[in-house]
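Two complexes, one shared chain (chain A), two partners (chain B, chain C).
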Partner chain A sequence: MGAFILRRALLGVLVVFGVLVLTFVLTRVVPSDPVSQWVGPRATAAQRVAARGQLGLDKPIYVQFRVFLAAFVRGDLGTSLASHQPVSKELRAFLPATADLMFVAVAFAVLLGIPMGVFSARYKDRRPDHIARVVAVSAVSMPTFWLALLLQMVFFRWLHLLPLGGQQSQYYSVIQPVPKATGFLFLDCVIAGNWGALVDYLQHLIMPAIALGAGTLAVLARMTRSSMLEILNEDYITAARSYGLSEGVVLWRYAFKNSIGPTVTVLALQIGWLLVNTFLVETIFNWPGIGNYIATSVVTLNYPAIIAVTLLSAVAYVILNAVADIVIAVDPRVRH
Partner chain B sequence: MSAGVARLRLPRVSSQALAARVRETRIRWHLLMRNKLARVCVVFIGILVLVAIVGPLLVPYPDSVRGGVDLNVKLQSPSWSHPLGTDEFGRDMFSRVVAGARISLSAAAITIALALLLGAPLGALAGGVGGIVDDVIMRIVDVFLSFPSVLLAIAIAVFLGASLRNAVLAIVLSWWPWYTRIVRSQAISLKERQFVRAATAIGTPKRDIVFRHILPNAMGPVIVQASLDFGYVILTLAALSFLGLGAQSPTPEWGLMINLSRNYFLTAWWYMLFPGLAISFTVLAFNVLGDGIREVLDPKSRTY
Partner chain C sequence: MDDHLRIRDLNVGFRTYEGFRQALEVEELTIQHGESYGLVGESGAGKSVLALAVLRLLRTPPAVVSAGELSLDGEDLLGKSARRMRALRGRDISMIFQDPMSSLNPVFTVGKQLTNVIRRIGGENHRAAIVRAQEMIRLVGLPDAETMMAKYAHQLSGGQRQRVIIALALACGAQFLIADEPTRNLDVTVQAGVLKTIAALRRDLGVSVLFIANNLGLVSAMCDRVGILMDGRIVETGTVEEVVFSASHPYTRSLLRAIPTKAAGHEGSESQWAQSLSRFTTENGAHCSYFARCTEGGEVCAGQAKPQLSLLDGTHYVACRVAAATR
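Coming up: the complex of A and B.
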């Protein structure tokens, strides 16, 4: 067991190194001109040469890679070409809003998607199953950004139920701002005991969270359904039923508990997908998070910001995958 | 002498085996067609392909497809002369949505073909040769797969510059490793089969074994997977275009149209609605058909 964990961790380190190499290659080999982004269009030749030195682009490629590695280890993710601020500082500023949004989206997907999958399996090939399957396959087939616009059109334009975008109404963001304690608006509202602001914040969260979570919800429902169906065919379920246990107990305590493995793995993989979709959702809802920052960086060709986020999420992905593998290996049922 | 032996090539697939495979495919097709939903999807995709081929020639306003501006009719709601309304430049949405089918389908087909072209031979090489070659290729694959694939595609597209061609390239570069994986696992099992051993025994060069004997026989599952990926690729292309990294105005690409409609969607609902419906139904058809195919190939793994 220890040897397995060690080997898996070493493989993870190797892959992280590969990720760094690939990212570096991407920034240096692909034709792009960070110098002119840095100095602006009206720079003189001398300024351009100075900028090349400043950005370290005049050194040999292996020295550049060493510098790149050392900076990554220090947690230095480069300097934004747009604001000349450290990217890591900017990302930290945008992190709380995205974390809140992703958390609510995941909660929405898990709390609705998993029961949907369980009921789908319970009522296989009957009406609830058909409805759930139509919802799920539609949700994975719709472009996230289009779903976001549809929600805005229905709930803002037609029903006047929810705000169009942003994080707070002007009353709470400008006139009566919630004191900053953690940077996470949700916690800040709770700490300040400002329930009005909290409700206002939640109202702003609903649409982006649904738009972001819909795809994940569908994937979780599909995964849960298929693993539940497999388990409901097992002998021990028939045995539990023949003991006269209630269907609810059989379903949730006996079948669901054992079906959760693949769903958790899929959820871990979904995190990366969710992050990418924040690019689309946050722009549409004008949500002040990392996704919005990156979507802007894509348009303004702010390479360091894009690279930083790509790199960070790949590293997070590797770690999540390694952890998922180790957790599965610790499960006594699959221990070899 | 060795040259003489090398020329003595074994047939890659015996006629018997070929006949068996054709029979099997026929049965599977028959099973698939018993599924009503799958039948609907096949018909829908057939129509879509037809629209993609001849549609742009038959649209009522070919000028709108090319980007011609007519400000007299800008942002008009659906009517008899413009069944899906017009956009902010007075271009006919119906013509543009129809023309978009060709762009999305052909871009997706090219993307998948290129990803196969890149990924499959590498998989055959890794599985067929094994050893250090396998290790090197698969560690590279691991690295690529540790990026969320859309994110990697976005990063590559940013560096390549915004255009539809580069968006296709970016997706290819982020997507090929999946195919390498599938072909590799096939190749590993094929390597132990009689016909490969026979080829090795008569001294066929390693290169021929990998690319002439293993690769063609390892393609079945990966081609199925590739066809299942159509919906995903169309969605990713649309997302890149939406972010401004794919097709550029005035190309009638569905994702780009939705992006442009954002400034007007609160007043001109038709502008954002129809390109979105086009993407959704196309992807839906591919996904439902994919589920049907998966069910036929592996009845136990039946999901949706």
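Coming up: the complex of A and C.
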């Protein structure tokens, strides 16, 4: 088991390094002028030359890469061309909002999608299965941005139930801000005991989380359904029934535990995909997270920010897939 | 001896996309307390369907099950609610599945699977369940119960697995056991051991057994009475002596020829085997379903309805016009 984890970790480092090289080269190859962005439109020629030196752009690209790599190892992700702030600091500011959003989206997808798949398999070709399949197919075939707009129209414009976008109402963001303790708004509200702010935050979270998680919910439901159907046809399931075990035990322990492997793998891949989808969802809902940050950075070719977010996604992907493989390794057949 | 399992006019069919298929048509099958009844037939004859139908484990739909009578110890099984049927399974009637490789849950230890089954009735606490599980492991002739409890299915040999499966089937004290080709995927030497274990359990625990196999030789060694199943119908039944030594149905005789012997190997030719590969007659009630491949069929058989079981002598019944005519 230890050797297995070590091998996975080494593989992960290799993948991250590969991503590092690729994004670095890509951002240098794209025609852009970082110097102008850095100094602004009214700089003198001397200022421009000075900026070139300051950004290290006067050196050959392999030297630039070495400098970049050395800084990366120290935890320095470079300086934003737009704000002249360290990128790592900006990431820290935007990450909590995205983490909250993704956590709720994944929880929504897992807690609803997996039971949906199990019941779908249990009641195959009967009404619960038909309903679940219609829901899943609609959710998976609907583009995220379209679902987001639909939600806004129904819950904001028609029903006046939920706020259109943003993370907080003005009252809580401007007039009565919650003191920052962790940066995670959810935790901060709990720490401050400000339940009004918490409810306000959750109301803002619902629509983006549903828009983000719907596709994953559908994929999990479909995956769970098909792997459960396969397992429910196994001899040991019929055998378990012949020993008089209750349907609940047969379904949720004997069958579910055997069927969870593919679902976990898909979930890990889905979370990586979710991180990418936050770009869309955060832009539409004006959510102050990484997605919003990267969307702005890409448009302005703020390459240190682009590299940093790409790396973040790569690292998240690698870690999640490693975790999925380890979770699947609890299966005794894999373990031995 | 009184009747333990009684089946009368059991019909099982399946609704498929290509229409309705009749799989089983059993006029009568009675097994007495402590008796061992062997059911023999080629693959696809409906042996496993019969076993699953008795336990009511067929999914309905697609399966359609109807019976004049299906009772265990005088208790009607067909009318039981799902809950009461579940309470009966394992406790009163249980089954050994045919494939030891796929009949154990791969992600739970042997001990966990045994205690799950033992504790399902409730009452037993965890410690008592463990003690009982170890007892069961010893009972089926497995050594070293403690280490066996911690093992997963993939760590066991085929013979060990099949013994664990027997232990699972008997863990709740079922008095009626259906053994569905329990030695099908085992080596011959291992087969002998498992069969001995079943025979010993039958003797010691006094369980009644419905023993399903495709080898008439095996069944005649294990059972008191035998039934020959062909295309979902019992075509010959009686004591082992009656059926084996004075086989009357041409199909039974072809099964007997198929038993490999030390002296001559197969007497039956290759072409006969090819002919006897099972296929269902889709046209219902046309004529004797063996007619097309019967070497002895005569004019009495052509164009007639399916022959019914008729008494030859003693307890020996056969469903064949030729056999009935030459009695």
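Heads up, the rule we're going with is that the second predicted complex is superposed on the first by the 315 of 336 C-alpha atoms of A that agree within 3 Å, B and C clash if a C-alpha of one lies under 4 Å from a C-alpha of the other, contacts with A are read in each partner's own complex, and residues count from 1 in each chain.
Here is the rule we use: a contact is a pair of C-beta atoms (placed from the backbone, for glycine too) under 8 Å apart; a residue touches a chain by one contact, two chains touch by 3 or more.
If you're wondering where the values come from, they're calculated on a predicted model, not measured in any experiment.
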| item | value |
| --- | --- |
| Contact breadth on chain A, by residue count: chain C or chain B | B |
| First, second, both or neither for A:191, with chain B first and chain C second | neither |
| Chain B versus chain C as contact partner of A:313, first or second or both or neither | first |
| Touched partner set for A:246, first chain B, second chain C, both or neither | second |
| Which of chain B and chain C A:140 touches, first, second, both or neither | first |
| Touched partner set for A:234, first chain B, second chain C, both or neither | second |
| Partner chain(s) touched by A:254 [first = chain B, second = chain C, both, neither] | second |
| Chain B partner contacts - residues on chain A that touch it in the complex | 11, 14-16, 18-19, 21-23, 26-27, 30-32, 133, 136-138, 140-146, 149-150, 152-153, 156-157, 222-223, 225-226, 229-230, 272-273, 275-276, 279-280, 284, 295, 298-299, 301, 303, 306-307, 309-310, 313-314, 317-318, 321 |
| Chain A partner contacts - residues on chain C that touch it in the complex | 52, 55, 57, 86-91, 94-95, 97, 99, 102-108, 116-117, 120-121, 152, 154-155, 165, 168-169, 171-172 |
| Partner chain C, residues of chain A touching it in the complex | 234-236, 238-247, 249, 253-254, 257-258, 331-333, 336 |
| Chain A-facing residues of chain B, complex | 139-140, 142-144, 146-148, 150-152, 154-156, 158-160, 231, 235, 238-239, 242-245, 255, 258-259, 261-262, 265-266, 269, 272, 276, 279-281, 283-284, 287-288, 291, 300-304 |
